[in-house]
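Below: a set of structures, written as structure tokens.
Here subunit A shows up in two complexes: once beside subunit B, once beside subunit C.
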Partner chain A sequence: MKMNTETALKWIAEVFNESPGGITPETNREDIPEWDSLGVLTLMADLDEKFDILLTADQMGAMTKVNDILEVLQQHQKLSPAN
Partner chain B sequence: MRAEKFISPDEDYFEDHFPGFPVVPGVLLTEMMGQAAGKSLDAEKVPRGKSMLAKIKSAVFREWVRPGSTVELLAEIKSSRPEFATASCQAKVQGKVVASAELFLTFVPINDFSPAYRDVILEEYLLKHPSSGK
Partner chain C sequence: MPITSTRAPVFRAVTSCVPSGKFDNTAENPEFTKEEVEKVVRMAGVKTRHLADDSVCSSDLCLAAAKNVLATLEWSPDSIDAVIMVTQSPDYFLPSTACLIHRDLELRSGCAAFDVGLGCSGYPYGIWLASMMLQSPGFRRVLVLHGETPSKFTEKSDRSVALLFGDAGSATALESKDEDDGSKWWFSLNTDGTGAGDLIMKGGGFRERFPEELVKNFVYMNGANVFNFTIKRVPPLIEETLIGAGVDRSGIDYFIFHQSNRFIMRHLAKKAGIPEDKMPITIDRFGSTGGPSVPLTLAQGAMERPVDRALNLLLLGYGVGLSWGSALVDLPPQAVLNHIEI
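And now, the complex of A and B:
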């Protein structure tokens, strides 16, 4: 299943309980209140369940902004190229 | 995983929940389901810590659970990873689903527990079922 960046951002916003238009690829982790330790686990679980992407805690810890999540989706060919 | 819990009519929470209409609080039913899932995960004997309920993804309470009921708790582990697990759980009384929940669990390092801590229920279960777990 591939999705475009807009859909991916909506999914990420849902993971972190943010409003759909509330984040951009440049949004930093510290600006998302629910991107805490539980948020990291929730993201890991969603990546696993929805995309079959399994990351380690270290890989998750290295992510500092939303674009890092998009890059993971890109690397696993889950993100459509930009229009 | 299947577990059972008898709901004693003497439970103190019935006094307030609710006066004249004693029923088991939904949060306690959820905790029971979470603990059933947790025992199932801990029985896997993966060295990742003790399972703890971290998030209630969804919970539905279909029927009241009255004093004197025996609640059957069913937990199906949907995913079990080093850092997290998910479970689909049900609570039944006399074969009827009274509650269900989708739960997200994480693991607390065993060193965070008191040195005297023991999971007696799990130990007894594993003694009787030595082939359980990985």
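And now, the complex of A and C:
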């Protein structure tokens, strides 16, 4: 499954129960209340289920903003190039 | 991943036992806000748990279960050839908790009794061990006891575990068949010791007997690492056990998972292609009780049991160690499943 950045941001917002337009690539982890230890598990599960990407706890811990998630999708060729 | 088999013994009875003290996770909790509790309860799926008070240990839960099994089957204590106690919450470092139970059940001196220090993976390992013994001359009846009181090593303010764990014990009675009918039970037993630090209680053992930091007397869990391990290891465990046994997944009546966390179990079921109605759930009522959650789910998972054939079950344990195991077994219609509280 591949998605464009806009769709990816909507998916990330859904994972963390944020409003669809509520986050940008520059949004920091600490500004997303549900990106806590439980949110990390939800993100891990969704990455695995939707994209077959299984990250380690260290890799999850290294992500500090939304763009880090987008980069993971990019590295696994799950993000379509920008138009 | 090695798959092994034994001659199939017979499940005669399984009794699960929980403390009567019931704790409602949604009741007011001084350690967490209402929102925090709701989030954890929603994710882990634990509504209520049974917690042992100071006077109740794993041995007490297993002893009560064992007495229930012996009474149900009308087995005399003298007829028991071995008792295996699987636990990581023993009464003492020495003697083995199995020896205390041997005393309390008044078993004969020719009966083997020993502990197995495994947790979440303990039931498949315990069943395998008993099955191996039952292939040997002189072993006809073995009790596998599996009990844990994880609430006693949980730090109350640790959100990752405080609302998750409950206490439970169990007794499983296995008996060898009079004749070898060619039927087999299949097992896969696995370990990744590099993950030892992801689920650990550092204090109290001989590495650090009296730690200055009291938190070391409680369990530490790296949730993300344990989740990663579960997703990576359990779906292949299922697949490779079935392939090794030459059984199609459609031939399995129920997949009995260690009740780790409802969210994780749902994810595992999706990943492994298991319909949710083939995965009984007991974590909602009892919490995650460690390895005994498997026999507890056998007894309390509301499986539909036909009267004219055995159920084919895949038992799955995974967690602390890191250790994981499977047991592909059959549960005959005559096997008695009971549940008690003390």
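Quick notes on this one:
Just so we're on the same page, the second predicted complex is superposed on the first by the 83 of 83 C-alpha atoms of A that agree within 3 Å, B and C clash if a C-alpha of one lies under 4 Å from a C-alpha of the other, contacts with A are read in each partner's own complex, and residues count from 1 in each chain.
Criterion: a contact is a pair of C-beta atoms (placed from the backbone, for glycine too) under 8 Å apart; a residue touches a chain by one contact, two chains touch by 3 or more.
All values derive from a computational prediction rather than experimental measurement.
One of subunit B and subunit C touches more residues of subunit A, and that partner is C.
Touch criterion met: A:D48 reaches subunit B and subunit C at once. When the shared chain is aligned, no partner comes close enough to touch A:A62: not subunit B, not subunit C. Comparing which residues of subunit A touch subunit B with which touch subunit C, the overlap comprises 38, 41-42, 44-45, 48-49, 54, 57. Looking at the complex, you find that subunit C touches subunit A at residues 39-40, 43, 159-160, 222-225, 227-228, 231-232, 263-264, 267, 270-271. Across the complex, subunit C is touched by residues 37-38, 40-42, 44-45, 48-49, 54-57, 60-61 of subunit A.
In the complex of the two chains, the subunit A residues touching subunit B come out as 38, 41-42, 44-45, 48-49, 54, 57. Of all the residues in subunit B, the ones that touch subunit A in their complex are 54-55, 79, 81-84, 86, 104, 106.
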